[in-house]
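Presented below are the structures under discussion, each in the form of structure tokens.
Two complexes, one shared chain (subunit A), two partners (subunit B, subunit C).
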Partner chain A sequence: MIATWTKALLLITFTIVPPSTLLASDSTKAIEIATERKKRDLGWESSEASVTMLLRNAQGQEAKRALSIKSLEIDGDGDKALTVFDSPRDVKGTAFLSFSHALEPDEQWIYLPALKRVKRISSRNKSGPFVGSEFAFEDMTSYEVEKFSYEYIGEEEVNGEECFVIKQVPQYEYSGYTSQKVWIDKSHYRVQKIEFYDKKETLLKVLHLKDYQLYEDKFWRPMRSEMRNVQTRKSTYLITEKIDFNTELSDGDFDKNRLKRAR
Partner chain B sequence: MAHNSEQSPLYLTHPKVSLLITAIVMVVALIGAQNLYFRGDYKVFFEEKDPQRLAFEEMQNTFNKSENVAFMIVPKSGNVYNTQTLNLASELTEAAWQMPFSTRVESVSNYQNTYDLDGDLIVEDLILEKMRAGEATAHVQKVVESTPELIGRLASRDGRALVVNTIIQMPDGDQTRHILDIASAAKSLKADLLARYPSHDIYLTGIVMMNDAFAIAASHDVMKLIPAMFLLIFVSIAIIVRSLWSAIFTMVVVSVSIAITMGVTGWFGVFLSTATVNVPTVITTLAVADCIHVIVGMRYFQRKGRSPHDAILESVRVNKKPIFITSITTAIGFLMLNFSAVPVLAHLGNMTAIGVMLACLFSLTALPAMLSLRPQIPDNRSQNALFAKWGQFVIVNHKLALLLSSAVILTISLFALNNRLNDIAVEYFDERSSFRQAVEVNNNIFGGMSNIDFVLFTDIPYGITKHEFLDDVESFSDWLEKRDEVNHVLTFTDTLKRLNKNMNGDIESFYTIPNDSELTSQYLLLYEMSLPFGLDLGNQIDIDKSALRIVAVTQNLGSNELTKLETEAKAFFHTLNSNYRIEAASPPLMFAHIGERNMSNMVWGSIFALVLISGLIIFALRSVKLGVVSLFTNLLPAAVGFGIWGMLSGEINMALSVVVSMTMGIIVDDTVHFLSKYQTARIQNQSNEQSILFAFDSVGMALTTTTIVLTLGFAVLASSSFMLNAHMGMLTIIIIIAALLVDFIFLPALLAWLGNNAHNRKSRAKLAQTQRG
Partner chain C sequence: MKKGWVCCALFVASNSYADIEISGVVGLEQRYFLQDALYENQERSYSSAFLMPELYSEWNGGTDTLVVKPFYRIDQHDNERTHGDIREFQWAHYADSWETRVGIGKVFWGQTESLHLVDIINQTDTVEQVDGEAKLGQPMVNFNYFSDFGMFSIYAMPYFRERTFQGENGRLRPPIAIGEALYESDDEERNMDVAIRWQSSIDDWEVGFSVFSGTTREPELVTVLSADGEPEILPFYAQIEQVGVDLLKVSGAWLFKLESIYRSGQTENFAALVTGFEYTKQGVFGSRYGLGFLAEYQFDEREDNFFAVGQNDLMAGLRVMVNDIAETEMLFGFVQDLEEQGTYSGFIEASSRLTSNWSWKLNGYFFSSDDIEDPYYFLRRDDHVQFSLEYYF
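For the complex of A and B:
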């Protein structure tokens, strides 16, 4: 009886303490969580995946794109990724290469088969949509701890998992977001959900990561990523059809001069 | 208990009890009023499955919405290409992203300028950084003037103004509150920037600002003019009837009828809309008329020497039938609006029908109860003699009166043909409104702000990159561009031609549509990948690249000119012999269609209702002759009213279509009371002429009083700066005065003439006898 009362009292005390007084320790705790998230996903080296991208607008109209994505882990810097379009037919063979960096702007190139030329894409506009989807470029590049500053918010259950909730603020000047709210599960430090806040600090998009699968006994990958734009009511689903970690990929496969041969 | 109430009904034996019952009913009804809410969005005018609404919503869902706030920057120097003005535009562009529900901001400063740099496609803001004083602006000017997507849309062709266009995406549901929030954010942003850039003017236009102006004007009228109108009605009743209590009692009946109607509406879960905000006014007109009949009738019998109690009883007895007939026929007329395709007009019809019947009930129960509590001092003036004299005059000269009045009515009515339906939403506000001032400046510099969005569907994924399709789009945009009423055409073909040029080393001869659809698709992909947040092509291209939206900005066209442009554009597109589908939609086009639909529904619905009411009068008065006569007196006032409007203005807008139904009650009231008094006398075997005189004597005062009172009341509304209300007030006044004149000149002359033809000369002799005697 007394125990229950104490608990209730404690709960009240905690809820009425203004968040600002907890700030200092909160940021350290949040950074610890972020660092652990990154640490748990180190050492995967490379992967190759077939992905279906499904776009849907408020009218319920749908569009599909098939992509194959090759990724290479880079020690001490952001990862490299090569995305090749398999469909629709009009853009088949178009290849997109990106070098993600922790602090400097990312580098991006695109190969257009109809033009048979490689073009650099201006890196300032990372906030723009990735091939007309609800995913922005910056949502697609690899996660690096240094890309954000952090604040610990609390705990909450999402998708049946106990999660830490942290707020991360992009350090990149031209980001399209003021902040992101991230739900990271306690069991494996996997991201379960992200809320994206736009320039006027209102909720813009919600990302749900679902059907996590374990690869190589160590690396968790979501088979479904569902991004919903709450303002335009458009949504995009990324569905991983197949993913392989035993690849022979090396730095040479991620060379812009060899994009023409990318398949 | 009060069953043998032949002599004294409950409301006279127990006036306080009956008033208490009325009060309880009102309180119970008013509990429902808390469910009431207001919906100001366009959807209320359309049924769920209306094809136009579905097409419009499909467009809104497929592409981004096109509701906007446009900031127009006009430097006092007359030229925008200076560092100050361009910095102002950049700063405003950044700040506009902070406005509530903004999803996209477009201006010359964040225009995504593309060019070739050593074989790479550069896509970046035209004005990347804040310009320092004296920095060259020539580059910006050169790009703006050579870019069809900018010139004439975001920068004026004469270099006098820039536009920062903010696209707003509001959630569904009650938008009125959001609109006020957005507009106030825009106004404070404007004030803040003007303080820092004093040599500039900023004007706010766009759909959101227009809706804000609507809301402000409507609420100003509801808060200020409507109360003033009620006050004036109250004061004029008090003066004309010479009794403060009579005026108070009338207002009580009016208020209770309105309150219960609103309460019942709330109980049924019906929302309020721009169509139903006029319900209280419509109920007021008839409730005032009912009360004045009872009060003036009581005075009449008091003057004839009856006790106050008897006078009340007698007034109720003689007025019961005409008031009931007027109310029931008017109510049935309003219920006819249920056949209209516009849901809110059905609401208007049902609510008014309830209100009218309530006014009938309370003017015959609660009003006499109140009157019995405050007996009136008899009034010995004999004003009614005036009406009898006028009646005599008309009877004696009935042939001349009939001929002259018919000629005048016919001539005036012919002017009704001058009227044209022409809703120009931006002109609903007079020059006192700051929105209207902004519209005028925009009109001077840009030539107008109306628009039609055309969507061309190929129905195949990536269909829009096909050369055949793009050629059709090009021809279609050229056709639009050549129209005088079109100021600017935003078309993806311009963007594509520019990309082709950039991808080929910025060589001018490549400013064409690529021949290869794969090349087009890949340019598009590259360009899309290069655009920043909020500036994607989602407003022009759908997600599977199967449909394209082309935006034509036009002059501030009237509804019929706008729909004409729509029809002709579609017809032209079909002559291209392609199998592509075309749809057109935009908020102004919606207004235009709503206007047309509303207008024809309302006017024909009301005319049908008036004819139907005449049919009902045949049964109510059990006389075919009087029913046919009532057909004239019911229809002619509206014909005269619209005839006079045709002489004065000739432009009919949405609000005017409501006027016929608004005045219907009064028109019918005048007719029914006159005819029923005439018939009463005829049944008592009085001569035709005597019966006409009796009608004048017993209702002339009441009809005149009602007309004067309502004219004064509506004069307040006519003074509004909101043209919708001002015109509505003016036309209402014209029609109710016309109704009185028709009933005082044409009707008695017609009755006298009919009586002369149908009956023998005896009656005339009889009249001469009574006059001598």
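For the complex of A and C:
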């Protein structure tokens, strides 16, 4: 009797509380969503965008940066990106070249036009602010599924869109975050919102992606990315003024030896 | 050379579609020396103003560009620091796997921070900045080829630029102002200098190798007696051969750097080396600040060259990145001579932005030496701070 009881109990315990399997199915669903998000954004090849960056601190002090961003999709790897500053004027012509990778460290170079110097920079500083903004270097690199582990949280409506909510934990080294909570809409698998949690696991920043536009009948791009730091009350808006997918960009345009040409 | 410019100018003028983009910087600077001058005719305080506009034009869909960048500074006392230069006047043509640059331009080679041993194309504009980072425009014909194995470059330089030196009324000089240039080459400044370079990124490495043949950029100082029996210090520019290698390795938050040269043709053949690291940490103590720690060891075989200060020295530096809207940055550095305890120098370089057009810079340089043979001995009373306010347009 007792033996069967125990057996039954064990059986019940295993069927009712299978923590590992529950997590597995949760993460499977979340991975499916993440994979679909990435899949829907494959094949854009290259793009060239004019972007305004608007920075605001808690005292309401504002600053603007004008930049152009050239991006190149790389099959089976992270993207290549070349960011060139047009303003503020003292950094005009400064170019930032980045090869992002899923789990390997990114490769980064900066070109300083006044010195005509190309400097390799350590990509370890992923958590460092990008040009004094609320965007960290790691927020600016391309999204790859393998960069995170996933957990399905539930569903919620954001910006009038029904969204999946998933938690993603960075798997690459030296991230400034313990986790990110991501809202991905059901209609097109576009990211609508991200919450970033710091090393103390408290909410650090909230990113809202707005005004999505469809390009080439396939690729959605947000025209506004609004990042708010809830701890410091500083914010940075990235506003896409123009984006073009019919570029003739090739690997050669993303060569550190050719950064001097950037303008 | 002149004919080339006229052709260039005509070419642009004849192309009515070429838009000319004008940008640049204008600034005021105040230098203040902390101690009384060591030599006659020197002052405590120097005001100056400078202007550096840049004209840019491109045509043929951006495959041809022209940059014209003149520079002029007016100094209150030092008539040698009141000087002008054509920093750039260069036509560039870009193709997929190669490019040419013809005219006056600037090139930077190397990886280290405290010394630039390998960097040899451009002459240093000494009067402009104490740290040696300001360079004079170099006339050249340059061809670069891009391959899967890196970039190959060749330079032909038909005209030599003499190093600038402080005048009689300037600080930061030997007891008497440095005089007219002497050359080894019979062609003097018209000697044809040539250089080749290969540089490549190989995984975590940045690698460069270069060879230079021609007039040395770094003169040797010779003391002579003038016709009326007065001593004079003159810069002598020998013909040299120099090979250089520069390396950088990225390893996590660490950058390991090395530059080394071997030069022959001057009074003594010699090797020199600078090597060290930079370690960067963002978000220190949970703040927004970033810190960079730098250390570099400098070695030079030469015993008695006025410009070879890094004979057996150690530089330690701290970079502070405030990471604010104004992108405020500070760099503190200290260089200790490992052989003469009393010989050291220090510097502070800070900068920030006021608006998107206005910036300020605050620099301080401090020298100490009780070794009468050391170059810093001449500068031991030339500690100074300088503040500049700059408008970028």
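What to note about this one:
FYI, the second predicted complex is superposed on the first by the 241 of 263 C-alpha atoms of A that agree within 3 Å, B and C clash if a C-alpha of one lies under 4 Å from a C-alpha of the other, contacts with A are read in each partner's own complex, and residues count from 1 in each chain.
The definition used in the following text is that a residue touches a chain if its C-beta (ideal position, glycine included) is under 8 Å from a C-beta of that chain, and two chains touch if they have at least 3 such contacts.
Given the structure is predicted, the values throughout are model-derived calculations rather than measurements.
Once subunit A is used to superpose the two complexes, subunit B occupies space that clashes with subunit C. Once the two complexes are overlaid on the shared chain, A:129 sits against subunit B and subunit C alike. In the superposed model, A:32 lies in contact with neither subunit B nor subunit C.
In the superposed model, A:176 lies in contact with both subunit B and subunit C. In the superposition on chain A, A:73 contacts neither subunit B nor subunit C. When the two structures are aligned on the shared chain, A:144 is found in touch with neither subunit B nor subunit C. Using the contact criterion defined above for the overlaid structures, shared-chain residue A:120 touches subunit B and also reaches subunit C. Of the two partner chains placed by the overlay, only subunit B lies in contact with A:94; subunit C stays clear of it.
Contacts of A:110 after superposition on the shared chain: subunit B is touched, whereas subunit C is not.
When the two structures are aligned on the shared chain, A:59 is found in touch with subunit B, with no touch to subunit C. Clashing C-alpha atoms with subunit C appear in a single stretch of subunit B, chosen from 60-68, 276-284, 528-536 or 654-662: 528-536. Overlap of the subunit B and subunit C interfaces on subunit A comprises residues 55, 57, 61, 63, 88-91, 115, 117, 120-122, 124-125, 127-129, 131-132, 174, 176, 199, 232.
Of all residues in subunit A, those touching subunit C in their complex are 55, 57, 61, 63-64, 87-92, 105, 107, 115-118, 120-125, 127-129, 131-132, 174, 176, 199, 232, 252, 255-258, 261, 263. Listing the residues of subunit B that touch subunit A in their complex gives 57-58, 60-62, 64, 97-103, 119-124, 169, 461-462, 465, 503, 516-519, 521-523, 525-526, 528-538, 541-545. Across the interface of their complex, subunit A is touched by residues 23, 25, 56, 58, 65, 92, 94, 96-97, 99, 106-108, 111, 133, 144, 146, 150-151, 199, 201, 206, 248, 250, 252-255, 280-283, 286, 288, 290, 321, 323-327, 353, 356-357, 359, 390, 392-393 of subunit C.
Across the complex, subunit A meets subunit B through its residues 55-63, 88-91, 94, 96, 108, 110, 112-115, 117, 119-122, 124-125, 127-132, 136-137, 174, 176, 198-200, 202, 231-234.
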